[in-house]
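Quick one: this structure, given as structure tokens, is what I'll be asking you about.
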Amino acid sequence: MNTFGRNFRITTFGESHGKALGAVIDGCPPGILLDETDIQALLDRRRPGRSPLSSPRQEADRVEILSGVFEGKTTGTPVAMIVRNQDTRSGDYEDLREVFRPGHADFTYQEKYGIRDHRGGGRSSGRETIGRVAAGALAMKLLAMHGIAVAGRIVSVHGKTEPAAIEAEILGTKNAGDSVGGIAEIVATGCPAGLGDPVFGKLDALIAGAMMGIGAVKGVEIGDGFAVAEKFGSVNNDLMTKDGFASNHAGGILGGISSGQDIIVRIAVKPTPSIAKTQQTRDINGKVVDISVGGRHDPCILPRIIPVAEAMLALVLADSLLEVRKYR
Amino acid sequence: MNTFGRNFRITTFGESHGKALGAVIDGCPPGILLDETDIQALLDRRRPGRSPLSSPRQEADRVEILSGVFEGKTTGTPVAMIVRNQDTRSGDYEDLREVFRPGHADFTYQEKYGIRDHRGGGRSSGRETIGRVAAGALAMKLLAMHGIAVAGRIVSVHGKTEPAAIEAEILGTKNAGDSVGGIAEIVATGCPAGLGDPVFGKLDALIAGAMMGIGAVKGVEIGDGFAVAEKFGSVNNDLMTKDGFASNHAGGILGGISSGQDIIVRIAVKPTPSIAKTQQTRDINGKVVDISVGGRHDPCILPRIIPVAEAMLALVLADSLLEVRKYR
Amino acid sequence: MNTFGRNFRITTFGESHGKALGAVIDGCPPGILLDETDIQALLDRRRPGRSPLSSPRQEADRVEILSGVFEGKTTGTPVAMIVRNQDTRSGDYEDLREVFRPGHADFTYQEKYGIRDHRGGGRSSGRETIGRVAAGALAMKLLAMHGIAVAGRIVSVHGKTEPAAIEAEILGTKNAGDSVGGIAEIVATGCPAGLGDPVFGKLDALIAGAMMGIGAVKGVEIGDGFAVAEKFGSVNNDLMTKDGFASNHAGGILGGISSGQDIIVRIAVKPTPSIAKTQQTRDINGKVVDISVGGRHDPCILPRIIPVAEAMLALVLADSLLEVRKYR
Amino acid sequence: MNTFGRNFRITTFGESHGKALGAVIDGCPPGILLDETDIQALLDRRRPGRSPLSSPRQEADRVEILSGVFEGKTTGTPVAMIVRNQDTRSGDYEDLREVFRPGHADFTYQEKYGIRDHRGGGRSSGRETIGRVAAGALAMKLLAMHGIAVAGRIVSVHGKTEPAAIEAEILGTKNAGDSVGGIAEIVATGCPAGLGDPVFGKLDALIAGAMMGIGAVKGVEIGDGFAVAEKFGSVNNDLMTKDGFASNHAGGILGGISSGQDIIVRIAVKPTPSIAKTQQTRDINGKVVDISVGGRHDPCILPRIIPVAEAMLALVLADSLLEVRKYR
């Protein structure tokens, strides 16, 4: 299923070593100023090759808008955007054609489809997020028109919270041929109360599904999240004051509907599966083999996952924003 | 949005103090043996009044099947089930008509809809889960035909893990007029590999959305969950052996698709908002008032949320199971 | 698939001889006055036993609203309505348990599901429209708030257009143990321009699907319909004037979007398959048998199909009306 | 809404004078041989400039597949296809920027979106069908694997049925600066019984919606269609024989489910709105003006609409074919 959203609907396509990746955005309101520069900035934040801390694959990832815009404004018709792959070194993956890389989706894709594009992970590759981020950039434009902003940050990497320690951790891990994970937090400010559609379109449910669906994410929490498990109700309840709330343990969502407070989401990101260290695995014929994944991989996905998480939160909020208009 | 699922689709309805609650299940395969006893067992696990640890509201919650069954088997047409409310003490809520109970959805429902059934929380009440559990019981029947089972358990309540300590914690909290939260774990066994539909119908994404959408849930994690944030890739990767996997840090899902291993999900449940302790809040006219929520409330939702979480996991798996049939 | 609509979503359930039939309406805006009398009037127009021209089955078809209403107004939560079957003479159908009645869905349901409730046609029965009509009545309330009305009429029965001739045709056919079909027209007045969502949610496409989905309908046309096949463009184009249009060959829809003119739809209804005249058919074992369908059947469905067609048009318009609010 | 289908889902994009048009197909089973030549043939049948009877606009309409294929086979991931516009003479439309062409969607698009790409009709142009036809070609491949074929033909143009008379009619009309409409028939052979999902996913309902959604279509009928309005039930019922059916008045669909017989659909196509003859209309400022639509237009759309109608029928059948697999 490659379509996300009910009103601001995105359909993404593309594989790591295919011709192009992209997205079609259907349901974007008409009259919004849009050109490639609006999208490029967020794409640039996710692409590889920009820092010694990430994959050295060189992709300009220049987006091209194919439809849905006329004289600089959206027309209300589908907006299609594509990004062509350039620096595909498919040869890097020839040895991996029949091997299931540990921690990756190789085995499960083979089980499910009976065929898989092994190059760079095919559609299971992180490059698939190009479509989501491009669409998310457009969602952010719509949100901005309503005073809503989303911003993500790294909370910790391998338990470290201080920036210099984080950088050292990542480089050290890279040199050791291993990888690390961490926690990111994404906050939406300026959301009006009333977004979200109980009982199955609750805002926190949509956000959880959006975040958990990002590759490498293994946990999602809202507000105080898992910490609520050790709190009393008298402490966890956000009391109401004359003007608003006295606290925000709920993370901006009550009963699945936004309360007007900041929406606070945290995600747990697993360490990158592709590591140089030798590991044992199985190949397509059931034979046990050793594997050391060379190639150009991120020792830690956190920095590049932030724009993806921002994009997904923006998409959920844009979708919910359009939904509530039906009742005003 | 009150419909969940793409193939095994459920639509629920009903409020805490309305005439009846229920669900319509559309897309259940034909030929499955079904009568009320199949559903009643799971409903009985969720209903109130069964233990001193939970709400004393007395509801038999007897389910009645209205359609979709002929001579004891499903026909492939929609199965409608209803449960009529009996022990509604709407008078208990008259004082709360215009007050926003802290931690509840009163304020957000008012903001969103401009009107709300304040009695017992209306549709935001935990009684709304009757429809989900009834439908989930039918999903479990379908899963059982494929050797798939789901089972939930309490991991901890307010940090306590030992059963006697948990019971003492809940009773003590109740006596103190307060409430506690905790963590539950739900495991699915017997799942084949291949369930889940990247990129937006990934199994873990669907599960996360299903769980976070249960009232009171503030966090969801799969497999090692948030613990992956402090692990190295060389440790977190589940290595493959000749016969399967050497470990299951992934919780049974890789790349959004089931791997054949047990699917392990954990949810963080917040302490019940309704407590006897006096708290400050606001009413519909903006006036600050004190509130002590009397009535019949659970000091801890964990025991009664387990069948709901099992039901939601069963619904996701049943839906995904039907999905993969399209490709075989 | 038993759910219709994207915003004003209805899910129907129920079979001819099951316990009850009904519908759940999800997405109805809050604040609308609603009680059973709003629904009963339209249901009364569709029920049998009201005239010598229709089936003599006696069903009061009293509707009961189970949820979604508080102090007389919709709350924005799902509205569930049920109608219990009373006058089911299942014995009438015992002989037909294994026989495929010509022109009915018996054979195709058996092929598709491998099991069927043969009594009264099960879910393929015209009684299934109870859910649609109940939901349609609620849609009509919403439309009325916007000055939109739908009204249907019989255009012809077996080629006859004059009321007395139509009545004579139906009675004569009934006495002959046969049945007749006809054409109905449904018009929506007061629709604003702008309803409909190209390219796959075009208003005429949604209407065509809604109408053709009514049992016994074999053709749908909009505006001049099939007559456009023999007209020149210079004649068929509706020229625009200072205040509107000079004609309405288009039937109120251009490019899939309403133009503000009356929306004109016509449907072709086949003669009732159940006739007393002896016909040849096959049974479930492949044996050729003669069949004379006794029981209580309409010699002509037209009169009772009008409220169903009105309901379906109302549902499409209500759904599209909510859709356009997203862009204002 | 630019997505069609529940299982074999297509999302189309593109305008007449934008950069490119295309489609993303999501849900196509893996393992199907696919390259551009499979798609090009059907696209070639729809493109302009191929005959003196159609528009002289010269577009090669070469399709490029961007994703979803690996070593010549579909992977089960989204297949994106694009066609770039080449022969756009936007200058031809400058005079029409503010004028509402009679019979076109100019007025309704302006009303709905408040902005429109006037060049060549923007998204309301017949070029939009490129995406549908490309996707339909892929659907036809899937159907062919199951022995199902769809084929369309012109039944009549302006009442003429004989080929030479039809050609003369079209040329004569073109010379007169006018246009004509007609009727087309599309037949699907080889369909198994059981396709279609009552009550709102009935096969005939899906087909009706698919056909009526093609620009210029004003009527759809199945089997004997509107002719059933003047037949007796004893004549219209398709009696069953030992091996099948004695007739096919139903057009292959009973109760919304395919019966195994040929599926017969007819559509009424209106005369092309764009004609050279002078007509009266209104401009965006409400001023009445005369208009003569020059440019390169088809005097009759029938020949080029056939592949579009075939594509839409193929899409419905492919979608329904995947649906029934869920129950086997």
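We just call them A, B, C and D in the order they show up, numbering each chain from 1.
One rule holds for everything that comes next: contacts are C-beta pairs under 8 Å (C-beta built on N, C-alpha and C of every residue); 3 or more make two chains touch, one makes a residue touch a chain.
Remember, it's a predicted structure, so these values are computed and weren't measured experimentally.
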{"item": "Pair from B-C, A-B or A-C with over half of its contact pairs in common with A-D", "value": "B-C"}
{"item": "Homomeric contact chain B-chain C: same or different residue positions, threshold half", "value": "same"}
{"item": "Geometric centre distance via CA averages, chain D-chain C, whole Å", "value": "26"}
{"item": "Centre-to-centre distance between chain C and chain B (centres being mean Cα positions), rounded to whole Å", "value": "37"}
{"item": "Length of the line joining the C-alpha centres of chain B and chain D, rounded to whole Å", "value": "45"}
{"item": "Residues of chain C engaged with two or more neighbouring chains", "value": "1-3, 6, 12, 27, 30, 76-77, 112-113, 123, 198, 327"}
{"item": "Footprint of chain D on chain B - complex, ascending", "value": "6-7, 27, 29-30, 76-77, 198, 322-323, 325-328"}
{"item": "Chain D-touching residues of chain C, taken from the complex the two chains share", "value": "1-4, 6, 12, 100, 102-105, 107-109, 111-113, 123-124, 128, 156, 158-159, 173, 178-183, 193-194, 196-202, 204-213, 215, 218-234, 236-242, 246, 250-251, 254-260, 268-275, 277, 279-282, 286, 288, 324, 327"}
{"item": "Residues of chain B defined as touching chain C within the complex", "value": "1-3, 9, 11-15, 18-22, 24, 26-27, 30-31, 64-70, 73, 75-80, 82, 112-117, 122-123"}
